[in-house]
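Both complexes shown next keep subunit A, but they swap its partner, so subunit B is in the first and subunit C is in the second.
On to the complex of A and B.
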């Protein structure tokens, strides 16, 4: 960000020393180079491969497949729609429940209610853990033979089906994912709230606005940039969901998600370019929020 | 690539071995000794999983090899699943020369890609020690050569506890027909126990039940043809198999989507389940629990369904030693692999704590306990050996397509026709190999 701004100056002023110019081009060049090699090239190759048949070994084996991989996914693969449904549910849950809860918590804590420091630490704690670790913890608690089942006096034979029960597992998984997401959003929002001028709130309160009115009419609009970032983060987190579910199930088939399908078809023993096609579909679904995110960030910088 | 370079010399040797084999049926040792004279240099070895026991067995065999040939063996152990899933990548890098591996699609498909070295010579060196069935099982149908030296196998069968069957008033040694089996399950269920334990969390476990049902109903050839696209999933014969499968579902534990094979093992160990269709590798855990538990464990072939096929087929995944084509010391790897398959190698492995069943005729089974002898009986009852669906079929079908199809079937047995139609559609969409 800084480098982009300096580069503009660089062009207008030619008085930079050689060393300066070298440093600047290194700062811009090295990350750009790495981005192109590590991100753009593989992305483009993946897009191309999604139109081929290949088992990932000999380049000479690559065969043109046209749209077959996509046709296969869209017309013959019910698991794709299950994954799409799960990703959509994940997104909906995060947007409607988890993210607003995080914002609400941040708002309450920002008002310095009694014991707010303790609440803050408690809510924030799960964010320190990676989703993989969270998966291990909750699997240990809820699986047959696990801690919670044991507390209820149930062993493997009569354990309540949780992870394998289609009617509840979605909500259990989303609950576990929210456990972390809420704290994450809370922290982001809290740091945004700290920069809101308290005078605004006081003035509104003096004019007789209720708490809800203050939040809706004063805080939310002033927090607009943070709001957008949070929405985009929520979108991306929902679409890229993978680790939690992979750790709990070890296979992508009981609770399919797009990322699990990419992994299953692209890695491991069943390498096929259907995985590449899944990846491209996921890329397209992600790209809209990512572009929005970048535009907001850059607009901020230009100001 | 490095394969091509050696083809000629090896063919010549092979011819020599074949001619020699005519008169040297019992004299394989002559060839063995002149083979190992030439091979020198350090050999790298990968043990595929097995923890401390795996390391101990590998050390015992590799040390014996070093003592015999003077060639040092540098061994490492890898996580079995990781090795399996990244196999193609590992083989394209600088892999260890020899490693424990699995016969079937996983060997043949990778051999076709030039990743594994041809060990046909070593197999003919071992001569008559290997059973014909084992060599046949290790042969790549694409070129008629072998890329794995078969060493061990284990049966998939119906496991139960003798004491529990006795309590039900049935003869534990005589669960032979489908009717016997249904009777066993019905009585078990009446007692409030799980009659047929199923774990389907991983997606592969239910393939064991599917394999055997299909082989019992439609025979070995139909099953293998089905897994290789020569028969249809929508065929009335396949539907018939799933009718029997659907009959089993009410006897299963309801939380099958929550547990895997180890959950099933615990159910049987805790006497909460009657029957368990599984590979008998888990028997070691019974022994670890207590000798009484182990003595109570029994295995029988899955009962007969269609008299035309009897109990002539079994899932008995064949394991062995393969040699990487891209290793630093390919000849050394082959020599080590051969040693693992030889009498001395087997003896060293057993001394190192191995309880596997070897395919070699040099393998002495007289000291076997009752359960292991019964495993041999179960294996011996079968004429045709399947390797398990994920080794008998292609990798982009078994895991990503068949696994979820079976899970969906277990969840909604009534949707069977829809599921089978979809499975066929997905097979049809696979690229030609």
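On to the complex of A and C.
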């Protein structure tokens, strides 16, 4: 087996002419160069910058700072813990509520109930909208003079501030985020469910298995790879979350999130390498899900 | 035997009833789901003055497209939409081209670095984007200075296209390589035997077979790249060159009171991806499947 493989390998390598080798190098080289220059080198540079002081203006101003950016974040920066808490809350909400709802929806729509195609499209529609548009749409719904306030009998004169109210805005934001997430998870799961033999399900149902038993004993085990991918996607989305909050508030003061803190330190008036340190912390949190994902999708190749 | 049939009928009946209720429930929920979008469309069709006079729940005296006309004239939405196209179309084409090149090499030749290449590209797609903002920003300024023109790629469509390609090519590579694995090796072998060089092997033999995957990916990529707006905020200093999604954020601040006008702007901005999704629904779904649920 092994010798056959090496033989094939040798044959194909021997058969490559000079021109072919040049073409192949270009095929690999150009995209890889772009990928390394635009992604991996900047990532490494940011990691290095996280150990420096720099205001982002002149390269000659960069000064070594050791761990002080991190020390500052961990010990003098209550907003960091608030962001961490919000990210954790986001994750918890997505894992416990939004993702299971998406799966449930997929599971029910997969039974080919009446109108399932239309439902599929409707639930997925928010996912194709830009967050800039989503921000505007939900502003219409919730702002003073908007639909929800109108339903509560409040016109512009006696409106309440939903976005500014600390006790409810968290849930409003998570709700709007779920509006997008549920559809995404639904479609992913639905496409996975297509590979489950419907006869299996029917047979179990006729034997008197409850829906829950069917889901637990038949669907979940057959969908194992999809399950892991969906969990990873949920994890990464929760860690990366911020665009929606940025669109709504423009600053991290009301609802801090890790990514928002990076963006504030990078794109605002006062550029600070504390942003780089935040980005590195975010990367560290993302590493486990990324590796898990790679292991699942490259299971066969890695063997 | 007969009891089996009775049982079967009872089961089918029960199932039918259950399906009806579930369908009803999901249907009601679907109306709630789509309502915010419909409400925005509705709002965009009504004059602002009328809302002020009669309130948001008033029955419309007239429905007009004035807000759309104004959005195009006052907000310059047409230009922003054009910017979006100038950035999105080349980005998608280049992403698919580069992705297919890597996928081609990785699946058709047995090089030692194949797996590493695939890992580098796929992992790159999952990095937090914020990790790259500052260095990329500086890199673009630096390259511009090198050629004596700061705006060579910074504050230029070319720069945005480059970063989109850099970030999306990983996903394209991953999807196309898993698709290409299903194309039999024999096809490549016979191409080689026939004396086709590497380029012809790629261009005339493999690329045509990739068409379904390319179609699916292009729909997905178009949506993602069109909807992205952070890079444009970082890399485009001229507002007039920004894509529509980024511009919308500024317009939201500027037209905060006239939300009927803003609604029209938002609907115009949303239209391309929504239409694309509704027309190419099948490709959309299969694109997601190819990428994320390869089992």
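As a convention for this text, the second predicted complex is superposed on the first by the 255 of 303 C-alpha atoms of A that agree within 3 Å, B and C clash if a C-alpha of one lies under 4 Å from a C-alpha of the other, contacts with A are read in each partner's own complex, and residues count from 1 in each chain.
FYI, a contact is a pair of C-beta atoms (placed from the backbone, for glycine too) under 8 Å apart; a residue touches a chain by one contact, two chains touch by 3 or more.
Source: prediction; values computed, not measured.
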| said: Going by the contact rule set out at the top, does A:124 touch subunit B (first), subunit C (second), both, or neither? | reply: second
| field | Partner, of subunit C and subunit B, that touches more residues belonging to subunit A | value | C
| Touching A:159 in the superposition: subunit B (first), subunit C (second), both, neither? | first
| said: Once chain A of both complexes is superposed, is A:56 in touch with subunit B (first), subunit C (second), both, or neither? | reply: both
| Counting only touches as set out at the top, which of subunit B and subunit C does A:210 meet: first, second, both, neither? | neither
| task | Would you check which partner chain A:77 touches, where first means subunit B only, second means subunit C only, and both and neither mean what they say? | result | first
| Which of subunit B and subunit C A:147 touches, first, second, both or neither | second
| field | Intersection of subunit A interface sets (partners subunit B, subunit C) | value | 56, 143, 145, 155, 267, 271
| query | Residues of subunit C touching subunit A in their complex? | reply | 7-8, 11, 15, 19-20, 22-23, 26-27, 30, 33-34, 36-37, 39-40, 43, 55-57, 98-99, 101-102, 104-105, 109-110, 115, 117-124, 126-136, 138-139, 162-163, 165-167, 169-170, 173-174, 178, 192, 197-199, 202, 223, 226-230, 233-234, 245-246, 248-249, 252, 259, 262-263, 265-266, 269-270, 273-274, 276-278, 281, 285-286, 288-289, 292-295
| remark: Listed in rising order, subunit B residues that touch subunit A in their complex are 84-88, 92, 106, 113-115, 193-194, 200-203, 253-260, 263, 266-267, 270, 272-273, 390, 394-400, 403-404, 407, 411, 422, 425-426, 429-431
| message | Could you list, by residue number, the parts of subunit A that touch subunit C in their complex? | response | 5, 8-9, 12, 15-17, 19-20, 23-24, 27-28, 30-32, 34-43, 45-47, 49, 56, 59, 105, 108-109, 111, 113-115, 118-119, 121-126, 128-133, 135-141, 143, 145-147, 150, 155, 179, 187-188, 190-192, 194-195, 205-206, 225-226, 229, 233, 236, 239-240, 243, 247, 259, 262-263, 266-267, 271, 275-276, 279-280, 282-283, 286, 290, 293-294, 297-298, 301-302
| remark: The subunit A residues in contact with subunit B across the complex are 53, 55-58, 61, 63, 65, 68, 71-72, 75-79, 143-145, 155-157, 159-166, 249-251, 253-254, 256, 264-265, 267-272, 274
